[in-house]
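Note that chain A is present in both complexes that follow, paired respectively with chain B and with chain C.
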Partner chain A sequence: MSTRLRAVIALALAAALLLPATVAGQPRSSLVAVSGMWSPPNNFSPINTDSAYGYYAVRFMFGSLLESRLENNQLKLYPMLASRWSVAADNQTYRFTLHPRASWHDGRPVTAEDVEFTVMTISDPRTQTNRGASVAFIAGMDATGKRAGGAQIGFRILGPKEFEIRTAKPVDPNFVFERFGYDMYILPKHVLGGVAPDQLARHPFFQNPTVGNGPFKFVQYKTDQYVEFVANESYHLGAPNIRRLFVRIIPPTTMMAQLERRDLDVTAGGGIGSILIDDWDRVKAIPHVQAVSYSAPGYQFMAFNFQRAYLQDKRVRRAMAHAINRPLLVSQLLKGEGELAEGPIPPNNPYFNRAVRPWAFDTARARALLQEAGWDFTRTLILRVPTGNILRERSADVIRENLIAAGVRVEIQKSDFPTHLAALYAANYDIGLVGWSGGVDPDVSSQFRTGATYTRLIHMSNQQIDQLLDEGAATADQARRRQIYNRFQEVFADELPYVVLYYEKSRAAVARRMSDVNYGVQGFYWFQPFAWTAALQ
Partner chain B sequence: MTSAISAAVTTRGARLDRPQSYWTLAARRFLRHRVAVAGLAVLAAIAAMAVLAGVLAPHNPTAIDATAFRAAPSAVHPLGTDSVGRDVLSRLVYASRVSLSVGLLAVTMYVVIGTAVGAAAAYHGGTVDLVLSRLMDIVLSFPPLIIILFAVSVFGRPSLWNVILVLGLLGWPPVARLVRGQVLALRQQEFVHAARAMGAGDVRLILRHLLPNAMAPVLVAATFGTANAILIEAALSFLGLGVQPPTPSWGNMLTDAQSLTVLEQMPWLWVPPGFMILLSVLVINFVGDGLRDALDPSLKL
Partner chain C sequence: MQRYLARRLLITVPILLGITVLSYLILSLTPGDPVQMLIDPNATQADLEIRRRELGLNDPIAVRYVKWLGEVLRGNLGYSFSTGAPVARRIGERVLPTLTLTVTALVLSYAVAVPVGMVAATRRYTWVDYVATFVAFLGISLPTFFLGLAGIYIFALRLRWLPVGGTQTLGGDGGLLDALHHLVLPATVLAAAGAGALTRYVRSSMLEVLGQDYVRTAHAKGLAERLVVRRHALRNALIPVVTLAGLQIPALLAGAVITEQVFEWPGMGRLTIEAINQRDYPVLMGITLITAVFVALGNLLADITYSVVDPRIRYD
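== the complex of A and B ==
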């Protein structure tokens, strides 16, 4: 008895010793890989996790219908859960066929009913979700992606693995493929079908999502430490080479040290696990690590409070665009890892208008414009700056000096991010710094269309911009759309709803022992972790 | 200052025919404490640096040198430049103003409040004492950093004055306790009874007879409090909630040092402000030690 007990204790101790070793030790095994991100996820709901951190973890376990990726400024689509997809000539009817072997981790097939269940769950007014934009264009939905009472929903099951959706209006097919195909993860109807929609957000499944349909299966989440996954041997696109995968929560300041010690194989990249700019040169010099910087859609901007009469003259706003030394921000603060553009559509986007150049850094021109607009040179503007993003905080010091040089007095006010955002929504500021990141589709109505959620940050309303955005969202023809968004970018640079300071490139790192980890746009990888391989080192 | 007080004391005690006053003796004892004297000298130098910042700083502390971001020390920038190309030495010199003013103003504020509350509690006793003592307990249990974070959100903007105000409004209970204890003990002494018998009113009794004799430990507490206030200001500014940029403070200068690369390869970004915080807190503590020894009533010469 006592011998057996002792043996059990010894075994338990040995196991306890082994377990942390696989996590914190050096991941030299070709079967184990470690990815790192800065903050913990708060749950693993494929339709409602609170942040990009949560979705990063979700994406190992749950698939979307398609994978989308920018290649040579064109959106390319690849199969994930769907193996075939097509669009009818009317640009309103989209048909998808699920992969014949696509299945849940418990062995049940992924069916058209699961997709229908996902769409109906997201669109149920009682469901808490942040995926509304993925379904909002389907017939019968309102602008937030909720079912309008009694309307016919544009979703039809054609067979066990086949379905079609119908949009309310003709739209650009890439818009549908990105929002519906790429941004939406499919839920298991046989697990969640019986749960009342208003209870879904608190359902234990989202803390312990054992039934997914992705290349990796959930094992456990050690709060604030790591999420552990094991390979899904029967994944329909091929069993992963990596058998055990950890997503560890690693603060930004220690990421470099972890890379040096070979404790980390892949950073999560794009704003949730990037390399600090301060550490960038050193990470580039680590021999066993490949540092990768790639264009990303995220940018920082300086917002104007349009409720202030003295900021309503567009010459004043242009003067500030001239006054700020944006090339210096990119060359010095970002060490060259950034790009400039005078608008919200990034330079690597298919709809980017190359003819629109950023206003040049020119203090004299700025001063002349201010004089022309009758600027009161004794007025002091409040520049609100959120804490947290250290580069943005530093840029505020440069912006202040630049504006003072042009004759605009500026007082900086820093606060934590929620306080900052509340002040912006309450129009309690003159100018303020904020960041933004969008998708590939150029529809930026949510930021600039009068009345949309985020126009309330800048308190702006511009008829010409509204008209162009409405026209762009309702146009299916791609050439025509391009014209509309080219025009939008011209108008944007002229009106300057805000000054885009810089597009920051994403700085990621991958251990050289890893292969087939490719970086793409949208903050995420070209996310096919079933293809990742790790070599012994 | 010391001589003025000693003059007053001497006048008051002239008839006792004391050759030397308490304060003269204390000054003599303090001067024999070498570390304290050295500390005082360094502190005086830091104060001079703060006052003469405009003359001493080689550059404008907020001016950006677009050609030199994070440049290593050179002839133009003796301590290098920071992350947005500003001269570190100039910022260091100007930052001493922030630290010293936070220390002095916050502590002056809470010494005044603490002395008033402590004296009132001890002198009146009874219900007044009970209420004021519980108030001290309550305020003492507030975590200052959390209150400051809260104050920042209430006032809408962080600033030097918020930091001073919050530190001043929260720091007084230890002083009040000290004063209360001293006054409670002094209240029973014969000279107080004598003064009352001669017709001295409450105010005169407290201000002329009780407080001057209770001030020694308060002075010591205030000195240590100054060092503490400087540290809290540095911590808050490091978090971005204290002094607002571009005004330099030793704490917000340290925000540059948030990566291993900077810590290892760019010491000019963090060693100077770190050293100044260390130095100022250390010398103030030395002065406090010297004062404590010099003012200890049990050590008579």
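== the complex of A and C ==
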């Protein structure tokens, strides 16, 4: 009995294992490509998906007016839905012409009315959206991008495919192009026009967005597994070379295996589909894969709780900047795939101030500064660390050792991210680790202006910084703006609202059979998946 | 029996109510703000306020609970904070993949554990027993993620027999063969841990029965060893094991968090983790409620099974 049973089990297992061995590893056509990201999108709302995962999927289906990329440290704009644009001499009136053949996936043309509908939807106080910043500078909007009662909105339809916006004040055109031009995706008025704004977030369209205006059409979303797209053959910038495209949800731990098996062609990169640092050397060694690392605007920082009297002396904060061995974090923890800068403007940004150098790693200097500031060397600081980002967790141990060497006692407290964030907002910490990713424009008011996101995390208000940020946002002249933001970066390094630990380069991978996949300086604004080409493998 | 059943089912109602009150309270008191987790960090303070009002988070906990309960009684589990989709749909679309995985794993682990445990018991302290014990402990002590990654490395990467993850080939129409092919590795990995513990359980239960008088009687009657073991000992030894299956029903539905993560399996475990990370209260409450119902039913089922397989137990 027992031998027979065992034999049956063994046979059954073997048969199951070998079943359709043909399915794996079949050659992939040049018409199919697979991209991969770590987590599922929460919805496909172009104005309300809450994560970069959602926007990664949205960008295949929905277009913005423009895209841009850095060329010789200058922003160069490229047409997407808009084919022409112009700025009036006053830097307040912006005129856009939509591409004559730009159309929705159901064949209807994309019109100025669709753009107006999008702006009016975003600015409706009842709409759930996170795109307020895309319209906040338009005349008639309040600072959060909501329509102020009764005011005349600076949006005018000039023709079926032509419109202009008017800003409340003169603005740097690049700022408008970034926020309005490529941060905002246009909604179909003929599909969503009849929906009440407060019902929009739950509208089934955002789970099943069949009418887009981008190079790919939505086919289906297999929950937690993949999003399937098919080429939009009548895309106005040219039919995509790839006919079927999948965005697959792949956990970080198996991304390398998928690449090695040729099951994955393009990682999403950024903070949503990078190669784990521990797999990086192995991915670089896969012959049919190209490992690409590129500068990204995302960085990690150590926040100070300004409500603590003992952290208010800027010498103490600078001492900690000296104490932390940031070059080691980059060379060891990031295997060299990182950059250092003493502020929130990334080193690859056109407004980056090269004259501001990060404070050098110097334990003796740190100790001296602490003594000068009258630091109590028996005090123990709570360093709050969120779990989830392995590199960040590892960096906490280095930071702790470094600070102890300089005479600052540190105790690490780890928690999941929501708890961590709640503790920071409640000022229930001394120092804490957080990450951030910014845009191209140097305006960081949404973080550092008193009352903005990060000042509420670190409980800081700095008049000098507020003033510089207001001035920078209100200045249209680019040379003058550069001066202001140079000064801002000097002040930032001196005041140190927080210590930037490192800018992590994005570690992406592309199958060598793919070409024209653009990983740019600011990949987010230069996407162009209709140009992707795949070779038969 | 019928009165007993009716009584048990009636008691279940206040228990479920109590569970929802407690879990709603605990969830609401957990640090972490759902709106902070939802929103793009670039969103303005006004966007945040709208969102908070929209989700009804400004109400006191008691008011929110009563509103939630009222909706549930009308058959509406609410809407997910993070996706806006109905909670019932978010959970519903994950039930089948989870059950496919967990039930397969359960069947697999029983199919392995019962014969192995039986043989280990009848040949106690022989090399067969030692090998079975060794492998069982290996299954128990190796973490699932390690087994999973090792399985992927060997079968998906080196041998190329099996896919890395997912429930079907990309864009495929999900034929049975394709589905099975994707199921083998995750189900085996998930079964390994369960089978290890179960083998030990069967073995000790079997040993206990083998030492009993009626088994000796059977031997004395001159029955063949095979018959004694199979017909007399095994059936009794399986009574507690079968009960165990009833108690495992809620676990089946809750999903296998780690296995699902490693193998891109779109199940309940992943949904739970995702919902916790985003503090998606409606989804978490939905999962809690459904799991609670299944725990209650599973326990009831276990009790009934007892009386069926063991005539000594009766409910009046």
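Keep this in mind: the second predicted complex is superposed on the first by the 506 of 537 C-alpha atoms of A that agree within 3 Å, B and C clash if a C-alpha of one lies under 4 Å from a C-alpha of the other, contacts with A are read in each partner's own complex, and residues count from 1 in each chain.
To be clear about the criterion, a residue touches a chain if its C-beta (ideal position, glycine included) is under 8 Å from a C-beta of that chain, and two chains touch if they have at least 3 such contacts.
None of these values were measured; they are calculated from a predicted model.
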Q.
Just to be sure I read the superposition right, which of the two partners does A:T419 touch: chain B = first, chain C = second, or both, or neither?
A. both
Q.
Touch test for A:G374: chain B only (first), chain C only (second), both, or neither?
A. neither
(Q) Quick one: is A:D397 in contact with chain B, with chain C, with both, or with neither? Answer first, second, both or neither. (A) first
Q.
With both structures fitted on chain A, tell me whether chain B or chain C touches more of chain A's residues.
A. C
Q: Tell me which partner A:D142 touches in the superposition: chain B (first), chain C (second), both or neither.
A: second
Q: Considering only the touch criterion stated at the top, classify A:I249 as touching first (chain B), second (chain C), both, or neither.
A: second
Q: Scan A:G159 for contacts with chain B and chain C and give back first, second, both or neither.
A: neither
Q: State whether A:G336 touches chain B only (first), chain C only (second), both chains, or neither.
A: neither
(Q) Per the contact definition in the header, classify A:D279: touching chain B only (first), chain C only (second), both, or neither. (A) first
Q: In the overlay, answer first, second, both or neither for which of chain B and chain C A:P100 touches.
A: neither
**Q.** Residues of chain A contacting chain B in one complex and chain C in the other
**A.** 253-254, 257, 415-416, 419, 423
Q: Within their complex, state which residues of chain A touch chain C.
A: 1-2, 5-6, 9, 13, 16-21, 23-25, 34, 39-40, 42-43, 45, 50-51, 125-130, 132-133, 136, 142-146, 198, 201-203, 206-207, 219, 222-226, 228, 244, 246, 248-251, 253-254, 257-258, 260-261, 263, 415-419, 421-423, 425, 436, 439, 446, 451, 453
Q.
Could you list, by residue number, the parts of chain A that touch chain B in their complex?
A. 253-254, 256-257, 276, 278-279, 281-282, 325, 328, 332-333, 387, 390, 393-394, 396-398, 400-401, 411-416, 419, 423, 428
Q: Mind listing the chain C positions that touch chain A in their complex?
A: 30-34, 36-47, 50-51, 54, 79, 82-85, 93-94, 111-112, 115, 118-119, 145, 149, 152-153, 155-157, 160-171, 177-178, 180-181, 184, 188, 226, 230, 261-262, 264-267, 270-271, 274, 276-279
Q | Residues of chain B that touch chain A when the two form their complex | A | 62-64, 66, 69, 83-86, 152-153, 156-158, 239-241, 244-246, 255, 258-262, 265
